[in-house]
Amino acid sequence: MSLVNFTTREITCKIVYYGPGRSGKTTNLQYVYSQVPSDRKGQMVSLATRTDRTLFFDFLPLDLGTISGFTTKFQLYTVPGQVYYNATRKLVLQGADGVVFVADSQLRQLDENLESLQNLQANILEHGVDVRTMPMVIQFNKQDLPPELILTPPELDDALNFRALPTFPADALHGPGVFETLKGIAAGVLRGLSEGSGGIRRL
Amino acid sequence: MSTTTVVEAWAEAPLVRYVSQASARLVVVMTPAGQVLAQHGFARAMDLMAAAALGAAIMASSGALAQQLGERSFGALFHAGRHHGIHLALCPTPRGSLIVLTVFGRETSIGLVELFYEEFAAALKRAAPVEQVREPVLAKDFEADLNRSLTSLFRR
Amino acid sequence: MNEQLQRALDRISRVRGVRGSMWVAAEDGIPVAQLLMEGVRGKAVAALAASLARKVSGAAAATGAGRVRFVQMEAAGGTLLVAPAAQDLLIVALAESRVNVGLARLEMIRAAEAALA
Amino acid sequence: MPDDIRALTAALARDPKTLVYADLADALRRRGQRQEALQVALQGLTRHPMHADGHDCLARIYADLGDLERARLAWSKALEIAPDHMGSLRGVAFLLFRQGDLAAAESALQKVLARAPSDEGARRALAVVRAGRGAAGAAAGPPPPVAEPSPTAQRPPVFFGFDGATADILLLDQRGLVLAGGLTDAEGKDASELAAAALAGVSGEAARTAEYLGLGSWSAIVTEAETANLVVAPVGDGALLLVRRDRSTAVGLALRFAERARGIALAWLKGQGA
């Protein structure tokens, strides 16, 4: 749950980038890290294997600036994508204020996307949170690959987006879509802190 | 911010006392999700967040390991380094479970840290309020601010 | 090793007025072996005695007195005794004020020297 | 008002922008006017936030006031601005020593000596720190003789008539500042300040230990060491007495001697209005 410090007027939110293995979650964080001036970010912490696969999580603290008079900080986390790391995924997901689901647009990865999405829902449920109230966006990553290898955003929308969540086509390696995705999830999470919203509901 | 700062005021008095009793160099009180509630000794907010994220991760993974072994949880963890030691412990409070990470140097000892941590944990438990339903904090039109902030963040 | 440590504690605790004795890891301030009467907080005694011994050793060095063999802190409600031994161990005893310090000290220094061997 | 302080105050009044404030603050500190010193230093630093000498001076004032955390911060600031600032390097080493972090104190003193190999104070302190850490033979040889006169001569002769009045009896306050008496090292040189700094930590630790273990207030610590027996005892409100006796003196006798010295010290402190 977002942490609000009324004395210093600070908000801190935890955002988790979720998705199947090699869909580009870490790449999203790396791109953000490379673009943001150093006074607005902290060290990027990566707990990765020697082959650069995320072992536990990546972590990037980000200073978004002042919103409605509150200094707003985001903590971006990724989870390991591989199926057998579910225990760690569940740990990282704990206390998340919002989730970015990074889908791999490649046709041959469709099943992995679906499996990961189901796994996300199950893990959110296990934390006792009503999935429908968890701010979430979907990013269709790798849209830069040759058209014959990937599905188009409308096709992916049909296949993955049952809850009519905001979606963002992206090429995280080179940047397009990364910013829009972050903005989308930020808006979703902060809406939960604004007037007339119920926020995340526990079951 | 290199002395003590707190997000929730009730944590301040117990923390100040603990730091001085245990001669701790750095202390972070956080939620199991890695959100910082109070800290002492960090020079940069961003270093603090990374320490909290890693501390919460250690606690979470050792807790998961404990469960696999049929233990309820490990009460506290201690690592000794050449110049620093860390003490990491779970502290149940009415505000929910909290994690306390303590970094200490050779001027004190793990024995003293453990001794005074017990008092600290008890003080936190006494001081913590039950988590309350929160009033909305942001104005309805926060999105204009968000756009402006993100645009400057990405220098667009 | 463990048995030898325990035997030393037995002997020290037999001295009238001793409420508890323990071997303490000096650097960590943690009890290694202990024999305590009810109501004595072993962890607290170990942590505080080790810390006191360290500060006293620093002061002794600063006054040019050299390595410390025995420390005795007298207080209104009792006496704390500490003797540094080998392998970064301390032998610590908590006693009532009326304790025969000479006797307790003898047993402790003997134990410390035995641990050295 | 002594002349130096008057002259410095006048100089600062003529030109508030000068760096003289640091000298004035230090002069005030040396006279024991710590609050005034603090005010002058803080005001000066608002005008000269990058003045390393000013931060160094501020740190000394805090150290005298017993606020070691603020002292540490001020010295760190000075070293951020001027990494080779000798006063601050020495100050940091002193702090670490006083806090009992001998490992860190040793490396800090080595830094001082690397820049000023002829700093005798640092060399002696290093030898003591190493002895305290039990590093056999690590001491940097016996320190060469120092020409300066022993500062014990300038201290009040409170223990006049006692055996070892200026060599084996030391009265200090809770911040580790020498009040009276004196302590010499094996070469007969004054070691009072170093000993006082180390002892200040003992007093606080003893009080805490006695309190936590439910022993009430502490009355004495007797230490048998390799070459001497030491008795440390609280005197009145916050002062501390150290008595050093030869190893051959029975502990009981040393305690009686300390008790007599304590009586004298207490009477003297009362006379001082303390």
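Per-chain residue numbering starts at 1, and chain names A, B, C and D are given in the order in which the chains are listed.
As a convention for this text, a contact is a pair of C-beta atoms (placed from the backbone, for glycine too) under 8 Å apart; a residue touches a chain by one contact, two chains touch by 3 or more.
Note that the coordinates shown come from a computational prediction; the quantities given were computed from them, not determined experimentally.
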| task | Identify the chain pair with more contacting C-beta pairs: B-C or C-D. | result | C-D
| Distance-wise, how many Å sit between the C-alpha centres of chain B and chain C, to the nearest whole number? | 35
| field | Length of the line joining the C-alpha centres of chain C and chain D, rounded to whole Å | value | 29
| field | Intercentroid distance (Cα basis), chain D paired with chain A, Å | value | 56
| Where does chain C touch two or more other chains at once, residue-wise? | 44, 48, 51
| note | Residues of chain B that touch two or more other chains sit at 115
| task | Return all touching chain pairs. | result | A-B, B-C, B-D, C-D
| note | chain B contacts chain D in the complex at 2-3, 23, 83, 105-107, 115
| query | chain B touches which residues of chain C in the complex? | reply | 24-25, 27-30, 43-44, 46-48, 50-51
| task | Going by the contact rule at the top, pick out the chain D residues touching chain C in the complex. | result | 97, 100, 102, 128-129, 131-132, 134, 183, 185-186, 191, 194-195, 197-199, 201-202, 205-206, 208-210, 212-230, 232, 242, 244
| remark: So, in the complex, the side of chain A touching chain B is made of residues 1, 3-8, 10-12, 14, 35-37, 40-43, 45, 47, 56-57, 59, 61-68, 70, 72-73, 75, 77, 87-88, 91-92, 94-96, 179, 182-183, 186-187, 190-191, 193-197, 199
| Which part of chain B faces chain C closely enough to touch in the complex? | 80, 108-112, 114-115
